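Accompanying notes for the structure given below.
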Amino acid sequence: VPTEPRGPLVLAASSLQQPLEELAEQWTAAGNDPPQFSFASSAALARQIENGSAGDIFISADRQWTDYLTKAGNIAPSEVVAIAGNTLVVAAPAGPTPPSLQTLAQANRIVTGDTQAVPLGRYAKEALTAANLWDSTEPKIINAASARGALVKLARGEVDAGILYTSDAQGVETIAATPIPRESHSPIVYMAVKLPASAHPDTDGFLGFIASPEAVKVFDRYGFIRP
Amino acid sequence: MSFDIQITKRLGDCTVECVMQSDAQLVALVGPSGQGKSSVLNCIAGLIRPDSGHIIVGGHTLFDAKRQIDIPTKLRGCGYVFQENRLFPHLTVEQNLRYGDNRNSEPAQHTLAEITDLLNICALLDRKPATLSGGEQRRVAIGRALMSNPSIVLLDEPLTSLDRDRGETILTIVDQLRRETDTPIMYVTHQMAEIERLACPTFTLS
Amino acid sequence: MTAPLSSAEWEIIALSLQVSIFAIGLALPVAYGIAWLLARRRFPGRFILDGVVHLPLILPPVVTGYVLLLLFGRNGPIGGVLDDVFGISLTFSWLGAALAGAVMALPLMVRAIRLSIEAVDQKLINAAKTLGASRWRAFATITLPLSLPGILAGTVLGFARSIGEFGATITFVSNIAGETRTLPLAIYNALQIPGTDIQVARLAILSVLLSLGALLLSEWLVRRSDRDSAHVV
Amino acid sequence: MTAPLSSAEWEIIALSLQVSIFAIGLALPVAYGIAWLLARRRFPGRFILDGVVHLPLILPPVVTGYVLLLLFGRNGPIGGVLDDVFGISLTFSWLGAALAGAVMALPLMVRAIRLSIEAVDQKLINAAKTLGASRWRAFATITLPLSLPGILAGTVLGFARSIGEFGATITFVSNIAGETRTLPLAIYNALQIPGTDIQVARLAILSVLLSLGALLLSEWLVRRSDRDSAHVV
Amino acid sequence: MSFDIQITKRLGDCTVECVMQSDAQLVALVGPSGQGKSSVLNCIAGLIRPDSGHIIVGGHTLFDAKRQIDIPTKLRGCGYVFQENRLFPHLTVEQNLRYGDNRNSEPAQHTLAEITDLLNICALLDRKPATLSGGEQRRVAIGRALMSNPSIVLLDEPLTSLDRDRGETILTIVDQLRRETDTPIMYVTHQMAEIERLACPTFTLS
């Protein structure tokens, strides 16, 4: 079977699927071989890399796994590139009053990512703690398996309020969202790492492309911010 | 009339036909192997639906194609000793014997003790059918049918696998049933000796 | 495992058992009924029923969970009624986790039970009818006990499946400690965090032990019911 | 579904079929062997084998996928050998997806087949032996054909399970279009993007149609083999 | 000596004992139901292992507890007509008949055409056993055993379910087997008439 020429293999967190696919189209349109993607959870991808599966670039929303891999793989911090950032919103089913951290405190059920396992949940916990609301809200928190899972529960009206990524909440008509101050939690940064096993000649080129100013415009359109 | 039967039934390539009218309480049904004797019993028991005709036994119309009568098996009251026993494999001998013993409110014709004693199966009551010899299974099958207070008795070669003494016991039971009740009995066999011993009208399928 | 179980682990085990036992209790009669229909009756829509039963096996578990959310969520057609009329809410409750487990276990149970029902000799049922048994009595005394191997196999499969059920559960009822965080959800949580291999292994071993208990029990029950026919040649 | 299938959808279907058919082809002989051992032989370690076969059912799929990754990854004990000696790499390859599907289908297949083997009357095998049949011939001519209902049921269950397999696959072989992105992984991808409900529904319906095809085929095969005994009373 | 058998076997609560020494090629085994006749045949066929004793048939030692001899069933060459037929339900009548027909390289004693003609089962060749009548199944079981070029023939009440003519045919076949071959034959029955007809030494289990 004649195989088409392929670009680098990019193992990326599922939440970046849309902007990355759009960037890949631009990259291919510019005459490069199309990169291959694998979208899964950061944990799944990190374990595949750790167990010797080949791959060129790892892009994660989860600081823990990036740190873990760079340490285990002896990757210099300079090989880690921040490509995008995100912010949080308080969200609630669309209604007369816009949601806020204060109305959130009155809700019966608050959805967000799992506060231990999912990055969204960990950031949300920091934000709630900073607002002195963690102790009162903790018993009411519904831990979703992913940021996307939290969004679905809120959009379907199963919960009264939630904390979501701005990139997820934007453009969903059934919910209203209010930004949460960035200072109330650690910065949310998506990091790309060139993997030690990478042998693909285009790896550096593609890494450079997704960290470029043109790429920022794409990320921006999907609700992400400059890192 | 005890038996007023006139049926046809197509089975695969062959057609079973039976015409039988008799006032006798006990009749024998004979005929070469594969002629349809078991099929006739199955029709009487309601397990096969004849293509046409009628079945009237002991004055009760069990089936009539024209009049659209077809009494369900469970109401026909047959004590049917199947050619291949059909004991319930998961039940003990005692549970098999008692399976039909509560089907009607009439006083039991036979108690468990009587039947097991007569059939010489007292020692087997707690065993499962799979561990019984061929003749032991046969006797349990006969016991099960008799215990069920039947209003019709259908015996498909009942003496299969039985030695002479035990065969004689069964024949005595049949005789007694004839003398002491008015239950119609149909007896399928290949042995002339049995028919002579029972001295009953014989119908031949052909 | 050197350390004894932590109280958090005990809590997870108790919840998993509660959810799975409830799930199987819920699924078993339904599974038996469907298996019987599929094995013994020809009716219009039979193939559709057969297909629908297989859906939770065919669809990725998250999709099944999503469908459950659509149907049984607070705004869903069934969940809305349950909430309004009975005040029962399945989402975010262990009852919902049990429902998810039951739904995921159903196709496995139906198949195993159906195989056993189909193996029951119709001649025995006919014999029971000649002895005056109603359809119902023939079922209860002949078909049901003779299909016991399938019931046991289905229960073991279903229990193991529901002990291991993750995708549908987390999608439908989320991951709430003490309420819906069963063993697989606790394992998933641990897997998301680097350096938790020991914790993952402990929880996985607990899952396995629970299911092996059920397996052992079923094998013992089968052997007990086989005892008598051991010597038949 | 108004629009015909896109070429991307065709690619996903073809890959899913390839993976699942390969998975079942791989699992079926193994499942039959294990089922036969469990049904017919008493040996030390029998219960352990029984337990191990159930593991992929008990453990959450992501754990099974992780264990596969540990064993068959390029640095794993088996994967290392495969890579060094044969140059085969399972991670990131459709072969690995088939392995994951086979492993997940195995317990379902073993149970169904075992039920059918246990229902085969030992007396018939003894009759075959008196007629000179070796153990192997008795197996091939009596046990194997008489356990066909279990083989068919196991194949349907296993095929459906492997068509729906998500957690173990994505964990073991990742999610690469054209190589490991089977239907459930494509559904997962679509679920990550807002406003893709129609796409999700289309893919889910395709999964269902594939499995229903297998189901229909198996029902037809069963009915064909039952034809003769339809009239036995 | 054709038969030199001396065995004991405990089955459940009862002990089966059989001592038989005979030069006759054909022997009859009789005894009341449940006495152990089928169990003796099973021991000869190698399906039950006796607790003690020996089995020597046609000069071949099939079993000897003391000398630790226990020939596997498949090598004993028995043409065994089981009391309960044991036809293979998934095979056609023809496939059942042919199941053992290739077991040794000796020229076939009977061809399929001969056997089916004799037993009057030509029309049944493509049918499955479940659709046969009791006597039809019996004849197929007998045919299957005879087709297998047996070096020992074991018949457990072979005439069960057969009418007189067909029974007579079977007896003729047995007679012919005795005249034309030196295959040892053991014949279990409850019918004195059959024994008289075959005029063979009779051993009674008790």
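Each chain gets a letter, A, B, C, D and E, in the order it is written, and its residues are counted from 1.
By definition in this document, a residue touches a chain if its C-beta (ideal position, glycine included) is under 8 Å from a C-beta of that chain, and two chains touch if they have at least 3 such contacts.
Computed from a predicted model, the values in this text were never measured in an experiment.
Contact with both subunit C and subunit D is made by A, B, E.
Chains making contact with subunit A as well as with subunit D: C.
Our note on geometry: subunit A versus subunit B, Cα centroid distance of 79 Å, whole angstroms.
Note: centroid distance subunit A to subunit C, computed from Cα atoms, is 35 Å. Averaging C-alpha coordinates per chain places the centre of subunit B 29 Å away from that of subunit E. Centroid to centroid, with C-alpha atoms defining each point, subunit B and subunit D lie 50 Å apart. Within subunit B, residues 12, 47, 84, 127, 131 each touch two or more of the remaining chains. Among the residues of subunit C, those in touch with two or more other chains are 66, 123, 126, 188, 191, 231-233. Annotation for subunit A: no residues touch 2 or more other chains. Interchain contacts (touch definition given at top) occur between A-C, A-D, B-C, B-D, B-E, C-D, C-E, D-E. On subunit B, the positions that touch subunit C within their shared complex are 45-47, 72-80, 82, 84, 86, 88-91, 99-100, 103-104, 127-128, 130-131, 144-145, 148. Across the complex, subunit E meets subunit C through its residues 11-12, 42, 47-48.
Contact residues on subunit D toward subunit A in their complex (touch as defined above): 62, 65-66, 69-70, 73-76, 79, 89, 91-92, 170-171, 174-177, 180, 188-189, 191-194. Of all the residues in subunit C, the ones that touch subunit E in their complex are 231, 233.
Residue ranges on subunit A touching subunit D, taken from their complex, read 9, 11, 14-15, 17-18, 36-40, 44-45, 47-48, 51-55, 148, 151, 168, 171-172.
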